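The data blocks that follow each hold one structure.
Note that chain A is present in both complexes that follow, paired respectively with chain B and with chain C.
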Partner chain A sequence: MIIARKKPVEEIITEIDPYDRILILGCNECVTVCEAGGKKEVEILASALTLHYQARGKAKTFGKATLERQCDREYLEEIRGRIHNYDAVLSLACGVGVQFAAETYTATPLLPGVDTVCLGANEERGLWTERCQACGSCVLARTGGICPVSRCAKRVMNGPCGGSANGKCELGPDTDCAWQLIIDRLKALGRLEDYEQVAPIKDWSTDRAGGPRTITREDIQL
Partner chain B sequence: MSEKFEPRIVGFCCKYCAYAAADLAGSMRLSYPSNIKIIQVPCTGRIDVIHVLRALEEGADGVMIAGCLEGECHFLEGNLKARSRIDRIKHLLKKIGMDPDRVEMFNLSSAMGPRFAEIASQMTEQIQALGPTPIPRSCTPASETAA
Partner chain C sequence: MNENGTASSRLARVLRSGQMAVTSECGPPRGSDPSAIREKGRLIKDYVDAVNVTDNQTAMTRMCSLAACIHLKQEGIEPVLQMVTRDRNRVALQSDILGAASFNIPNMLCLSGDHQSFGDCPQGQNVHDLDSMQLVQTACHMRDEGKFLGGDEIKRPPAIFVGAAANPFADPFEIRIPRLAKKIACGAQFIQTQCIYNIDKFKEWMRRACDRGLSEKAFIMAGMTPMKSVGMAKYMKNKVPGMDVPDEIIRRLGSVDKKKQAQEGIEICIEHIQELAQVDGVAGFHIMAIEWEEKVPEIVERAGLFTRPVV
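Up next, the complex of A and B:
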């Protein structure tokens, strides 16, 4: 899931300040699950911003809407009939949603209400950890299901590096050494021979290094 | 001479303690300010950030949350969850330039009728000291009228 973090409300106030009518646009997918930009966050933010401006005697209008997804045009169409009522849209979707909304409604400024952080898993309530960097060529089969790209600070493909000590990364005691985890896991699976094989040089052209990526699926294109 | 400011305070009271304590205070014929309009909740753990913000948005001068004594929640830890939510609300109010003291949480048991009268007075005095809410009383939430 895409993990996002709420932007500080002061930052949002600065962003929206020049506009009088603002639509706060939530998204029902990832940002709802990570409690950063769903319907509930839309309500709370709208209420907080209303309080802020009313206490200062400023009349601003805050509209509220939460779409099923902001990364699909068909859902973005749902606000076409009302977007002209607003001077700006504050989108609480991930960066994908904000951009897609901006592309769909070119006449209205689109402002981000969250910071999109990573692809992660929900460890426990209020705790998310990164698990994938969308490198475009998955090596998890060889690494016991533990990703050296997202979980190793150096993204080394034949680790661990010299900075690993007692199973922890040199970044600090809170970061496990991904390669220690991989070795432990392969040992438990009885597949340490996978570790012995030297990984070929990774083709990073499928990662962001190759520029913005496009995925074409001719088999499903009609 | 201007009239004394009589705050309008919304009091979210847990059914198992504060609400019963308010009832007891009444039965005991205790006198306390009538500024608090009580809303009974099944547990303070039910109260969300939006409930408190909405009360302020619609013109409440203060919001009081009264739950069970810590460790004695009927639902084990609803009051502790409420406590941490209230802390977050106070933090948010500070960020948006509202006085965090407009929202306060109290803990008491159903047997504490006199304590209810005490917190009702304390909350009323606290809000009186802060003065009326900066939110216009007649306002309907602008957010509802837009779309």
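Up next, the complex of A and C:
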């Protein structure tokens, strides 16, 4: 799932300050699950901003809407009839949703209301952790199902590096050493000897290094 | 033992002769004045076979390792070019290997490098296009196949003696030997270890390395760093990742007067070298006297490693 984090409200205020009528646009997918940009956050943010501007004697209008997905044109169409009522849209979707909304409504400034952080998992309530960097060429079969690209600070493919101590990354005790996890996992699977296979030099052309990626599935295209 | 690239390297010739090799290291300056690195080099010139030049160590921006290597070479000192994969992609790494080869720098040590968050640019990107083992493979591929990673031919391929680092003390201990084996399988011809203070644990690691025949496939040099004070020992124990400093070392340094702790650190270092020189598989010593290069001659001399052989 895409994990996003609410932007500091001070930053949002700086973004929206030049505009009088602002539509706060939530998204009902990933950002709802990680509680950064769903219907509830739209309500809370609209109230907070209203109070902020009321206290300063400024009249601003905050509209509210939450789409099923902002990364899908079909759902973005739902605001076509009302977007002309606003000077700007503050999107609480991930960076994909913000861009897709901006592409759909080119005449309206689209402002991000969250910071998109990573592809992660919901470990427990209020805790999300990165699991994937979408490098486009998955090595998990070789690494016991634990990703060295997203979970090692140096993304070493034959690790661990020399800085691992007590199972933790050299960055500090809050970060597991991905390679300790990989070794533990390989051991539990009875496959520790797999560690000695040298990982080939990685082809990063499927990563962002290869430029913006496009996925085409001719078999399902209409 | 892969002997490619060993002809041009004095370090390789000493190791192949079966005599204990000695290397030390110099950190390049945080400025463009080369006099300090030249001076450090002159201090240790006659006491070592080659001098490692660190590559933005602890992720602090410094004069580039290659330029500092050239300064040492101009002083008549054989450099070991250290290269980390943190700051450069495979294009830049291969380019620097050729640049080093154009100056006939005969040795390189392949490392991943400390994370940039420890240095002066914590907001920077790291690269890690390759990891340290893949850099070993790259250097060996360029030398042995005479080709770039992309497949094109290299006119005058580099003739380099390729090394890697090993930390006998990092976690998890059970893969320390498989990891060493992997580096050697990638082509590492010499290994310089992390600083050794836990002698018993190092001996156990070395015994396992010998049992697997790894000491016959690559020259293993024991890393030594003299302690300057009990404070340094405590810092290394508690703050430096992957460092194993037994309490005995801390007690011993703490038991002498503060003014004499530095000398006690030298004594410990010399005793450790003498003890480890008797251990099967130890092919030499890599003395990392961090910003304390002037002590290297005393250590080398008193440990019985002077004079350096003519090869």
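Operating definition for what follows: the second predicted complex is superposed on the first by the 222 of 222 C-alpha atoms of A that agree within 3 Å, B and C clash if a C-alpha of one lies under 4 Å from a C-alpha of the other, contacts with A are read in each partner's own complex, and residues count from 1 in each chain.
Going forward, a contact is a pair of C-beta atoms (placed from the backbone, for glycine too) under 8 Å apart; a residue touches a chain by one contact, two chains touch by 3 or more.
What you are looking at is a predicted structure, and each value in this text was computed from that prediction instead of being measured.
Student: A:211 in the overlay: touching chain B, chain C, both, or neither? Say first, second, both or neither.
Tutor: neither
Student: Output check: A:156 vs chain B and chain C. Expected answer is one of first, second, both, neither. What do you get?
Tutor: Once the two structures are laid over each other on A, A:156 reaches chain C alone.
Student: In the overlay, answer first, second, both or neither for which of chain B and chain C A:126 touches.
Tutor: Neither partner.
Student: Between chain B (first) and chain C (second), which, if any, makes contact with A:18: first, second, both or neither?
Tutor: Neither chain B nor chain C is touched by A:18.
Student: Does chain B (first) or chain C (second) touch A:190, or do both, or does neither?
Tutor: Neither chain B nor chain C is touched by A:190.
Student: Thinking of the overlay built on chain A, is A:177 touched by chain B (first), by chain C (second), by both, or by neither?
Tutor: Second partner only, chain C.
Student: Kindly classify A:61 by the partners it touches after superposition: chain B alone (first), chain C alone (second), both, or neither?
Tutor: A:61: touches chain B, not chain C.
Student: Once the two structures are fitted together, what part of chain A is touched by chain B and by chain C alike?
Tutor: Dual-contact residues (chain A): none.
Student: What residues of chain C sit close enough to touch chain A in their complex?
Tutor: Of all residues in chain C, those touching chain A are 85-86, 90, 112-115, 117-118, 126, 128-134, 137-138, 149, 165, 167, 170-172, 174-175, 178-179, 181-182, 185-186, 194, 241-242.
Student: Within their complex, state which residues of chain B touch chain A.
Tutor: 48-50, 53-54, 56-57, 92-93, 95-98, 133-136, 139, 141-143, 145-147
Student: What part of chain A is in contact with chain B in the complex they form?
Tutor: It is residues 8-10, 13, 21, 23, 40, 43-44, 46-52, 54-56, 59-65, 82, 85-86 of chain A that touch chain B.
Student: Which positions of chain A touch chain C when the two form their complex?
Tutor: Where chain A meets chain C, its residues are 153-167, 170-171, 177, 180, 183-184, 187, 192, 195-196, 198-199, 201-202, 204.
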